[in-house]
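First chain A sits with chain B, and in the next complex the same chain sits with chain C.
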Partner chain A sequence: MANEKFAYAPAPESRAVVDLAPSYGLFIDGEFAEAADGTVFKTVSPSSEEVLAEVARAGEADVDRAVKAARKAFQSWGALPGAERGKYLFRIARILQERSRELAVLESLDNGKPIRETRDVDLPLVAAHFFYYAGWADKLSYAGYGPDPRPLGVAGQVIPWNFPLLMLAWKIAPALAAGNTVVLKPAETTPLSALFFADVCRQAGLPRGVVNILTGYGDAGAALVAHPDVDKVAFTGSTGVGRAIARSVAGTRKKVTLELGGKAANIVFDDAPIDQAVEGIVNGIFFNQGHVCCAGSRLLVQESVQEEVLDALKRRMSTLRVGDPLDKNTDIGAINSAEQLARITSLAEAGEAEGAERWAPACELPSSGYWFAPTLFTGVTQAHRIAREEIFGPVLSVLTFRTPAEAVEKANNTPYGLSAGIWTEKGSRILSMANKLRAGVVWANTFNKFDPTSPFGGYKESGYGREGGRHGLEGYLAGAADPTSEHASEKESATNEGV
Partner chain B sequence: MSSVVPAYGPDAPGRLAGLADVTASDAALRRFLHGLPGVDAVGLEARAAGLGTRSIKTTAKAYAIDLAISMIDLTTLEGSDTHGKVRALCAKGRRPDPTDPGTPHVAAICVYPDMVAVAREALGDGSGISVASVATAFPAGRVALPVKLADTADAVAAGADEIDMVIDRGAFLSGRYMEVFEEIRAVKQACARPGGGSAAHLKVIFENGELSTYDNIRRCSWLAMLAGADFIKTSTGKVAVNATPANTLLMLEAVRDFRDAVGVQVGVKPAGGIRTSKDAIKYLVMVNETLGDDWLSPDWFRFGASSLLNDLLMQRQKLSTGRYSGPDYVTVD
Partner chain C sequence: MKVSEQSRLAVFKTYKLYVGGKFPRSESGRVYEVTDSKGGHWLANAPLSSRKDARDAVVAARKAVPGWSGATAYNRGQVLYRVAEMLEGRREQFTREVADAEGLSKSKAAAVVDAAVDRWVWYAGWTDKIAQVVGGANPVAGPFFNLSTPEPTGVVAVLAPQDSSLLGLVSVLAPVIATGNAAVVVAAERAPLPALSFGEVLATSDVPAGVVNILSGRTAELSAPLASHQDVNALDLTGAPAELAAELEASAADTLKRVRRPSPAAEDWTRDPGTSRLTAWLETKTVWHPIGV
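Entry: the complex of A and B
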């Protein structure tokens, strides 16, 4: 398909809506402060390698200070009536909506994802999460976790770089609604939106210490997770780090939820709505440059429609617009970091070396920054590394199947189990497949659809615990019958005083 | 597929004959149409809405506005139409913006059959603008076949270059696909120019709002193309639901798939409800990203519209002067 006549002129979103300071501190106890040892690191825009700002790098002393601030704040925050906590959360949600354009541009700058996605997906979902959990704050007794569920205390939360602000919302909204206070560490490549969120908290008048943001590297995350006064650990990221966290908290009273990697099967049957399935495949793997833990990275297509689906998919991939994340017409932005680009590149090379056939549409990539063209591999077998390992990039592995049973077998043949997709016009097949797929989320005739009311989480090595929905509260509550943390009695008295 | 031929070219019937087994009987035709891939409504609408978020600025906008103007079937289909109104419309179609001779002319003037001769005369020769006529008892189509054919032949004899027919939605909805197929074929034959000359091009109107499901719209698209439609058209503009981004996108996918399968290129015309430049540009984006350059011309894509033209002209003036002139600076029809 030729596309030369109607060339879209650049349509860049203005950067002027974001006021970036040259440097940022850690947000502890309601104040921005330098790291105890004064170290900083730079955060760059992955689409241009431009340095956006210098950010304080938290160390153990900062972690300790932040956890202490959160503990202190918990005394009164956990004792507030739910309706009062809800007011703060509603206020935060509204401010996020009001500042959504600024935050969308900031997120695109720091992460490299297209403005179309931050504007239409990330920010609306971020606000929706806060609105949703704001509504739960005064209804916890009806959430199904006992008549008088209590908060756990201080939550230590470590989030990844793929959806910086959205993952923050997934972590902070339910924690605060349930009455916990938090210390959150954003990823080192995307610290900025969390720091802007700290400003949103100040704007909302949130009491000091309820939310603390520690920017830094893995060592800060490890120190936070290991801190003895943390009651709850929530992590989203790689399965490797998830394992290390599970080891670190083993034998402690800490409650843990982990949302880890995935290698989702997107299964297309021969009676699928083909045009919409192709959209779903594209959305499944190329949304957010494939930096999505639940990405549909393995396409399982029924042999009888393989050719038709692949032809249509390639044609559709040829229309994807790769480039400037701030251009409103960009479909695929920059890879988040040089390190991630190297990982994607090496896995794609492994795919070729193992004999899979590589295809990518002709597309011109910018000369600076980190870029990877949308790519698909055909002739992939279950034995290939690109069918087993999470690539976390815009690379799709195409496998085929002949029968529904074979599709189930192949889909489940992975250590992961975060998500799966089914494409068929036959309702009964959707139900029977969904029962057999071992994945936390099964999408039918759609993919990568998120909603704060829906629980999200994995089977097997994709983690445990659920985020979102009523289920998302469980990880932040101690039921009445539950053996609660050592702070239970403190909370008891604090609550009584407060009410 | 060796090469692509236009639906109105001499080679198209031969290509369609290659699919004779599909249209050999009612049962065969039904099996074929019901064997087409289904349409997921949520996914289709999401894709159409997604394409609607493209941001078309500066040079791209200027290109799109001029292209949209050149694709308009400038339409008046009222019981109250007069010769004077049709002549005014023809004058406007030729020189949409009297202050700027660089403005492209529209593709066609679309009128009822009894106004064809008036439009033909008003446009004269060499205007480059076609006369399109609705026929076959537009918009309901509820008359006997001989009347439909006479209506068509009459419009063609009066000088219509294009015929916009309506299908028998009742027959389609009750599953009498062969009847609809045969009727389109008969109307196509009635499009032949008496005394030789090129036949009028046939646009087949589905009335998507009455077909009610996207599956039906896809089946109807294939049915019409198999029967020899030169264009497939969403709607009459006379019912509650007319062209929508989603139902038009579905028809764009149908002509794309038909060309891939049969090698015959068919045009698409959304009609009714497209009133703003912004809307028109969204449709052009859909054409661009679904079909590409091959359909980005008045030969292959049309807008059935009347008020759209004025909005395009105002946006065009704004692009060239930097100021928005307002509705007093375009002609009312």
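Entry: the complex of A and C
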């Protein structure tokens, strides 16, 4: 009985709140425009494969035009009093709150994630992020980066498809607060919310050129990162692309922050409150279809409670509802793209081929769209690909340990270091584990919590720099004692003389 | 018969590397001639370290990380302060070595040594303060305890400045170990002697073996294996010539090392260093826990 889902009538959120145009241009210098070479691409809803809109595909010429617009806008935006910049950001935060239902539905349509998450997690965090950094704009000299921290100039920002609008907020809010202007490229599978954000900027009266949005593919992102007039590069995405970016900026004065992949250990001790831990495990790996760089994708469970935890986990997984992202009862939505589905499928197959045992609850998947049932693997060793590689999908690898030292050893045995989870009732053990885990975010007796005031970012090959909080300003400021600062201020005074 | 001071034959020092708390020669058996700054007068034969020496130094540094990063900040502060005490006691020796290395008058060299001692004391005091300055509680919108603290990044490879053989060296090295990291330092290529002697200061200062490892030799030869090394977490390019710096940064990208680029202009080693050399080698860890009864 416990394994059966309650029957619910469908409860879809209305799509009527979103007014989609058949096609969208690039947002450059305050106006929508076609790509220079006129190319476009289609964005589809991953839950139905329905084409949502046609979107301009930026090329090198468009990148150049956008960077020029941002450079021009920087002269006045960077010189604007912080209090005025802050008020623009407060306006944006408020408009985002007002339009949050529309944007949540749009995000669920374009990304495939459940409306429950876009409505309750993505959108509230997006608005909160702008609200938080709005307040920093006129307080930068108190942030600990010198008495007169200066903006860097033009920020080139490339974001992924897993939290399109939230990643946009993480990038744009601190950049603007610090006085930079931005050129942002959303992922090719989720371009729409960034284009709607352009409209939010219009409503807020943001000066033209301060925010430029270039929809397109990886080539546009690479051109943006490599553009000689970009002063700052911020990227969230795969470790592979992160490496390429780090190589491409070598020898330049560009400041870089990278938020890359992860393979987080979620560690459950024998004294953990099992029911809470199971909720945490489920939230850790199935939140956002597992399309989360900090997902708790490796469950490390203490051997003595392995059976109990796995039984409870399987029971809980059997109640997860996979389906229509717009249905308010849905727990797990669609996989973002056919390409990502193929990657998840192939890694799961590798898990089986390498000898791990696969389990998934009986689960009816829709006939169109991209879907993957919540899946767990037991009998996983540290050598298995599913224990080493980021799957970025709803697939959990279960490993066991006997002692805390073994848990630490296994948890840290990865080139990644983004996040980790600890479940135990013993406070001293939490603190000792938290000290030893090489990860930028440690969730103890909770998981996948985010807040604009809380710095987020990785150790090791999960990247460098932090987003969120006071720490998140550093990547957008030229500090007093920083060797990049002399360069930035020289450049700025040179530009000012030209005005 | 008493030998007069003028005619007494001096005892030369064999300059050796400092790796894993020991003073080995280069495994390659190679040395190179070190002359004074004018290039005329022979000072010593310094070890010409090999790639293998660099890799051995990384192994020694990695071994030292758990103990040193796990030591209390107070303990690290006292150990660093002890280094300053030992350096102070050898002022005359370092004055002579710096004067020879940098072509300074005795009084100017003495001032440089004094500044180096004071710089080291300054960093010794930072060990138990930096976490309070750069970390702290985050007021998240929910019932959670949320704390960010800085942690050492691990093994840091440091290319010491070429233009300042002692003050420059301590200015780049002290912040690396004050923050709990272990260092592999490549000394100034043409003026490595003060750095090699500094190893002797460290060895008598309670600095655990492997926390600092000092190599002399060709910067280009030693920096390449350090920049690409899988077990090096961060790279300070301060002493890298511009053309080499870009190449090393690109090489470090494969392992996503934290890289501090060389300053575009010559650095003034006498000015207030700020905290950027401390924070460059720190990671921020943020821990969440629910609040409830």
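We adopt the following convention: the second predicted complex is superposed on the first by the 477 of 499 C-alpha atoms of A that agree within 3 Å, B and C clash if a C-alpha of one lies under 4 Å from a C-alpha of the other, contacts with A are read in each partner's own complex, and residues count from 1 in each chain.
Everything that follows uses one rule, which is that a contact is a pair of C-beta atoms (placed from the backbone, for glycine too) under 8 Å apart; a residue touches a chain by one contact, two chains touch by 3 or more.
All values derive from a computational prediction rather than experimental measurement.
**Q** Kindly classify A:E425 by the partners it touches after superposition: chain B alone (first), chain C alone (second), both, or neither?
**A** Only chain B is touched by A:E425; chain C is not.
**Q** So, A:G457: does it touch chain B (first), chain C (second), both, or neither?
**A** Second partner only.
**Q** Report the partner of chain A that touches more of its residues: chain B or chain C.
**A** Between chain B and chain C, the winner on chain A residue contacts is C.
**Q** Considering only touches as defined above, state whether A:F27 meets chain B (first), chain C (second), both or neither.
**A** Neither partner.
**Q** Given the touch rule stated above, what does A:T446 touch, chain B (first), chain C (second), both, or neither?
**A** A:T446 contacts both chain B and chain C.
**Q** Check whether A:N329 is in contact with chain B, with chain C, with both or with neither, and answer first, second, both or neither.
**A** first
**Q** After superposition on the shared chain, which partner residues are touched by A:F377: those of chain B (first), chain C (second), both, or neither?
**A** neither
**Q** Can you give me the overlap between the chain B contact set and the chain C contact set on chain A?
**A** Correct list for chain A: 445-446.
**Q** Mind listing the chain C positions that touch chain A in their complex?
**A** 133-134, 136, 138-142, 144, 146, 148, 153, 233, 245-247, 249-250, 252-256, 258, 260-265, 267, 272-277, 283-290
**Q** Quick check: in the complex, which residue numbers of chain A touch chain B?
**A** Its residues touching chain B are 1-11, 116, 120, 271-277, 279-280, 319, 328-329, 425, 445-446.
**Q** Inside the complex, what are the residues of chain A that reach chain C?
**A** Interface residues on chain A, with respect to chain C: 128, 144, 146, 239, 242-244, 246-247, 250-251, 253, 258, 260, 430, 434, 439-446, 449, 451, 453-457, 459-461, 463-464, 466, 469-471, 479-484, 486-487.
**Q** Residues of chain B touching chain A in their complex?
**A** Touch residues, chain B against chain A: 37-40, 42-44, 46-47, 53-61, 63-64, 67, 253, 284-285, 288-289, 291-294, 296.
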